[in-house]
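Two complexes follow with chain A in common, the first pairing it with chain B and the second with chain C.
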Partner chain A sequence: MKRRDFLKLLGAGLVIPSLEFEAEAKNAPDLSHHEARYYEKLPDRRVRCLLCPRLCIVGDKERGYCGVRENQGGKYVSLVYGRPVTLAIDPIEKKPLFHFLPGRKAFSIATAGCNVNCKFCQNWEISQVRPEQVRFYKIPPGQTAQLAYKYAAPIIAYTYSEPIIFVEYMLDTASFATRLGIRNVIITGAHVRPKPWKDILAAMDGVKIDLKAFTEEFYRKIVRGNLKPVLDAIVMAAESGKWLEIVYLVIPGLNDNMKDIKRMSRWMVKNIGPDVPVHFSRFFPMYLLKNLPSTPVRTLERAREVAMGEGIKFVYVGNVPGHPAETTYCPKCKRALIKRVGYEIKEFNIKHGKCKFCGEKIPGVWS
Partner chain B sequence: MKVYVVRIGGNFEAALGKAFREMCRGDKICLQNLFSSGVLSLKVNTLGGPKISTSPSLASSLAKVALSAGSGEVIIWDRSEWELKRAGYRIKRRGKIKVIATDSPRVGYWDRLFTYGEVGSLFSRIQVFADASISLAVLKDHDMAGVTLSMKNYYGAIHNPNKYHDDGCDPFIPQVFLTRPVSSRHTLSIIDATRAQFHRGPSYHSRWFAKPGVLILGRDPVAVDHFGWRLIEKLRARAGLPSLKEEGREPHWIFTAEKMGIGKTKYQVVEL
Partner chain C sequence: MGSVNSAEKRFLGFGLSFAAGFASFAAQIIFLREVLSLLPANELVVALYFTFYLLWAGLGAVLWEKVNYRLLFLLIGPLFFLSLFSVRIILPLARPSPGALPSLWFYPVVFIIMGGFSSISGGFFSSLTRAFSSPSLVYGADSLGSFLASLVLYFLLLPEFHSFSSAALSFAFFSLLIFLLGLRKEAIITLLLLLVLPFLDNPTWGWLFRPLRVEQVLESPYGKITLTEYQGQRTLWENSEKLYDFPPAPSEKLALLSLVPGGREIALIGGGGRCLRYLRKIKGLKILYAEPDPVLAQLARRFFPSEGINFYRGDGVKMVNNVRENYDLLILDLPPPSSSSAMRFYTKEFFKKASRHFSRLSLALPGGQYFSDVDSKILASVYASLKTAYPHVVFVPGEKIFIMASRKKIEITPEAYRKFLREKGIEPEFYLPVQMEFEMNPLLVRRTEEALSGGRVIVSSNPITYLYSLVKWLRHYFPSFPILKSSPWFLLPLLLLLPGLILRKEYLMGVISFSAFSLEILYLLLFQFQFGNLYLQVSLFVGLVMAFLGLGSLFLKKRASLLILLLVSALPLLLKQPPAWVFYAVFPLLGAGEGGIFGYLAHRVKAPSKMFLWDLVGSSLAGFLLGLLYIPIFGFKIIFALVSLLILLSLL
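So, the complex of A and B:
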């Protein structure tokens, strides 16, 4: 990957100007052979992956759907353990996590691979490729956490592609990071089975889940996955007590039906409560959906109105820099608590987790 | 449509010569259409390692036949140099016959997504920039697709084959075949059935390995793959294994390919 592409891919993120990494960039033969967690051996050197709901049965020398977990003679291995393809420092608002240490920097990492194939993927150049097809770094978990520490990032974000598929690397890095006083957050589609998800939640401080639609049909046709396991994972995340936010990318003509958004909002209030922030993000033509227009801002505003009408307290409009709905408002006195423009915080009116004006408790992780 | 089944008696060159004489009957244009006067891609399958990959001497013999029939340059290739070497190929980056891989220096994938139906993939530059393409596959059972033959061999030309194994690879195998870099270049399907893995493929398992000792050739990829599938079923039956249908792995994609107009499952078999 060329440096220019790398920068483009990361958008507004600050790429670490690290000649030391450039020198260490490796090619295919240096993929890892770290034994995977969450699989069972089957007869004739086959294995069944137990990480995500696909339950891939993988023959010898073959890979799972994610493309980064390979059966090597009956042993299932992660090819991306300690092999990130991106290392960047982003504002936490970029994830987006709006109620989790606002204004702080997140050391953000990703490996190649993903266990779904969203036709609208914004990072397909890394998520929809095999690890040997992109330039990667060779950085073990301890060193990854040390780098975050070195760059004074209080958070490590597992993000960009689908962190579920590099679970081994993520969990080990998170363990080192915690010891260094660094928080961990995952940005995920949550297409995952309960056991690994429970282990991941235990290691995280914050969770952002992309709920891509509220119909099985959309998940089957556009995402190539299933909705049900994602909803189960959302409930588990809420019950875990870890900070949770939901993002819903609104795509014109595909998942912008207000009836579905209403059903989804009701489901959220009932199952995870009204305090979980929801972000309706604007779609831009990408990957296999270049034929569609960008989402009209009015559609996002309507979705926000519908969700708030159903009782969700913190609903944001995303990917529209400068929109008033980027701001956090107090649900009681309605005053602006955190004024944002893009990823920048212009005003912060929360003190000790409460509204500075009326004292209302504002859910989130503020310090 | 005809499927040619050539028993390998002596060397590969003689067997191929016999097949092409029968196929083209001295018609030079027929031969030119098969091999092109420009760059010919010979996509081999080396995933299964040394025991069950396209034979290097078959690929090399075919390349020589192609050059003598007027091809300007022949590229024998697969996904990675490592897999090619493991299967017994010698990397050769110069000359009229090259042996390289998508991961060879300055090759890689072309950075344009080609789409057809549900498929959206980057293609190896070798496939994109070749003038004609021959799929030189191996006769193998496949745990998900049922069988992996000449059409599925093009999964090795795309960057994301792991995304197209759901539902027995149906309709993905025909859809990959119908993307422009394949459909506009493919001229010939050949299955190296000198050896076969008739169960638990695509990797090698000695217990279910056979040596049918034939090459299967034809211009119709559906016909060639259909014949290859029937041969695998025969080998399975002989070994007392259930049919792929009984195992729930019947290769429906062959019939989907027929419905999509790629070829026919009714054909004449010419044994040589």
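So, the complex of A and C:
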């Protein structure tokens, strides 16, 4: 064999495997082409997405940062409309929502994709991948709502990945669900722009927002997002009249500084009031943050003390089954109102939205 | 090329080559240990390590050829010192935040840093060959020096000392050798520099755990065990991977659910003994805990003391192979089948052996609400493998999927769990019955069932699951990384060996070293699958290869060498499961065969340094391709057949 022939053969050999992978992409499963909301058309078939603060400018055949919204010839579409990757039935306490229909089941759905990149994401295998990489169901919104009804779940939770990015599917499902008498809750990082957020709040009955830290630096380095839009969204949620709870996942060495937690608590009392429950949740190593210990329980307890010291009335410790701070206490008489052990409610001492013992009004959605 | 013309010169050449081989191999062992303690010990990291180490050595043979060997003896110590130290310094910088996986650039940087001293290993060969005009003498002596290094490090130093201390002591010996051979300045500089190393070990190791406070660092044959404390909570680490926090919450589900169907005599493998925390709450249990790492065994005794626990000092595979009594239960508290090392416990062969003496077997694998394509394949493979050995297999979904295989029909339900807790008088700390109720909801059960179905049975000769796990790990960096499908196109890189088969000469060494290193990897893995990860034996095998490389290069002829290699490659195709003595014979034969070819070619080629380069290109290709692709995709038998073919073609 001559040297030239050998090199030609080698070159051909390198091209062919790449063709094999390309062929796989072309045979990608049946994604949705449902037109997205919240975008504007730009010259040259480009679009600007108006859903989240990234404001992606997306060229033809390209996708936004979230990976699930695509520009198809100047039309922006959602690739995951009616394409949930997971359906589950969880206790509402798992979200966690402690003051919203306690003890009830939540029919939980999610699609692939996310508009941030939290290094500690528990659901990274659906949130950080493209929709064609994951198996999904094909269930239109009406059917999704009916499934929840079939499983006798009085709540649908849009959760796991980031529901903002499947807003069209979420809003349409919520509409069907409401007609069936099913409530809707969103579990979100709230990295979203005001207009879509307003529409989402209008469709939801309950909101749980993950406030990942109280510094821009954390949001920039660990989340690849921004703090300010999240704080704005929290305020909007509080003002909307919908039920709101906040979760703060405490990560050792990264966002467990008590000074920041104090500042955050003060901000909350000032901007959204002392009645919004706050959960300090225990972190377990995940995804890109594997070389950290789990959050010490004592750290969570200290965070709780700090938050209550600033005036927040309902502060919980999460992901520590059986911890006394899973229980809801009356802010006035300090008696146990809802005793929880894990997801189980052992005692319920709220009657007509008030403490059974002293009559104090307890904020929440109880029926 | 002039011939060696004095006994003195020959002795000096032998001595210096011996010292060079000793230092090079010692550096390789220590650096590999360091890399595996800092980075995930998966097949990709190991394959990349060998690929780059060997490639650099090959390049060094060409780059340093014209350099005076004295300079190389002067440089190896400082460069090795700098390499070790700089990797420890750079890792925290490469982490975007404490506890994070290092950024992608860290990996090529490490492998470039390694080039500094590993290229000198190759440079020694060409430089000393030029000086002493006898490539087979240099190669032979180098190999014998490497053999001594393997013995000293694996059997004497590493079991007793920290790796930096072991490096210092082995380089102290190296300094003594070259001092006696007349390289006084080089010896003193090396000695002074390397003696500083032990003092840097613990402080630099502590940096890696910031902001955690390091309480204790212990050295085991398998790496570093570190105990840290952060805000009152202690955590145990094996190298840089977390073993468990105190208390080890996630292990409670595995420990307690395993005993719901009953049982008194149980065995436990792995997890650093964390399940013992929960098992010892149950009165009347007799537990046999198998742990090959003496440090972890010692810590388990310290943290989970109990009268009912007996310790089996040894590998879990060996324990299952040798057990004679019958037990009610075997609990596997292990990582998923994410490396060839972990995978040994998930093969059909292992489960079948276990089923002879253990009525039930339980394990836990990562689960959740959603199963990616890769997770499904891993889960389904484990499930299918269990089904070949036990007729009944049940599961409980959740963040950790609990799986139990049994000879008899069993049922594990929330009611049964409640009853078990009541009867035993146990209050679970974390895994409450209500949690189990929610995990057993019909949607999650159905989805888990789907994920567990249609899997490929894991057999020792075709360990596919570690490829899936590799894909999963790569997705941390490249979210769109696909699952590689078996394809003959993966054989394309073997075209690099064509020059060896067609043109022969120095290129032939590439074919031989590819074949020999492939065989070494295959036999080491085969041994581990059959007998366990027996540290002493595996270390001995590696040493024997080096020793006989040297002897073969000095004494064996070409045809005999090739026939030996052919025999070694064909043996597993003839024997279903080679007995233990075969392995003790194979490794020396392997070394001798490869060394014999090297010695033969070294005297017939114009450029021995180029031949050495091809030698190492072949080895690095083997290290990279086999570990990552060929073993999981094609399986052992096909690779043995392929290697046999290559050797046969070399004979013709």
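Just so we're on the same page, the second predicted complex is superposed on the first by the 339 of 367 C-alpha atoms of A that agree within 3 Å, B and C clash if a C-alpha of one lies under 4 Å from a C-alpha of the other, contacts with A are read in each partner's own complex, and residues count from 1 in each chain.
The rule we apply is simple: a residue touches a chain if its C-beta (ideal position, glycine included) is under 8 Å from a C-beta of that chain, and two chains touch if they have at least 3 such contacts.
Computed from a prediction, not measured in an experiment: that's the story for all the values here.
With the C-alpha superposition on chain A as described, chain C and chain B clash in the combined arrangement.
More residues of chain A lie in touch with C than with the remaining chain of the pair chain B and chain C.
Applying the stated contact rule after C-alpha superposition, one finds that A:Y287 touches each of chain B and chain C. Legend: residue contacts after superposition of the two complexes on their common chain; A:I222 is shown touching chain C, with no touch to chain B.
In the superposition on chain A, A:G364 contacts neither chain B nor chain C. Once the two complexes are laid over each other on the shared chain, residue contacts for A:E344 go to chain C alone; chain B is not touched.
Looking at the shared chain after the overlay, A:D44 reaches chain B, while chain C stays out of its contact range. In the superposition on chain A, A:R63 contacts chain B only, with no contact to chain C. Judged by the touch definition given at the top, the superposed model places A:R130 against both chain B and chain C.
In the superposition on chain A, A:P102 makes contact with neither chain B nor chain C. When the two complexes are superposed via chain A, 114-122 is the only one of 114-122, 204-212 or 222-230 in chain B with C-alpha atoms clashing against chain C.
Of the residues of chain A, those at positions 119, 128-130, 133, 287-288 touch chain B in one of the two structures and chain C in the other. For chain C in complex with chain A, the residues that touch the partner chain are 96-101, 210-212, 228, 230-233, 235, 240-242, 245, 249-250, 368-370, 372-373, 375-376, 429-432, 434-435, 438, 441-444, 447, 475-476, 479-480, 482, 487, 489, 492, 495, 498, 502.
Residues of chain A touching chain B in their complex: 27-29, 44-46, 57, 59-67, 117, 119, 128-130, 132-133, 224, 287-288. Of all residues in chain A, those touching chain C in their complex are 1, 6, 9-10, 13-14, 16-17, 20-21, 24, 85-91, 94, 108, 110, 119, 122-123, 125-126, 128-130, 133-135, 151, 160, 221-222, 252-254, 256, 284-285, 287-294, 296-299, 321-322, 341-344.
Chain B makes touch with chain A in their complex at residues 47-49, 80, 82, 103, 108-109, 113, 115, 120, 143-144, 159-160, 162-163, 165-166, 200-203, 205.
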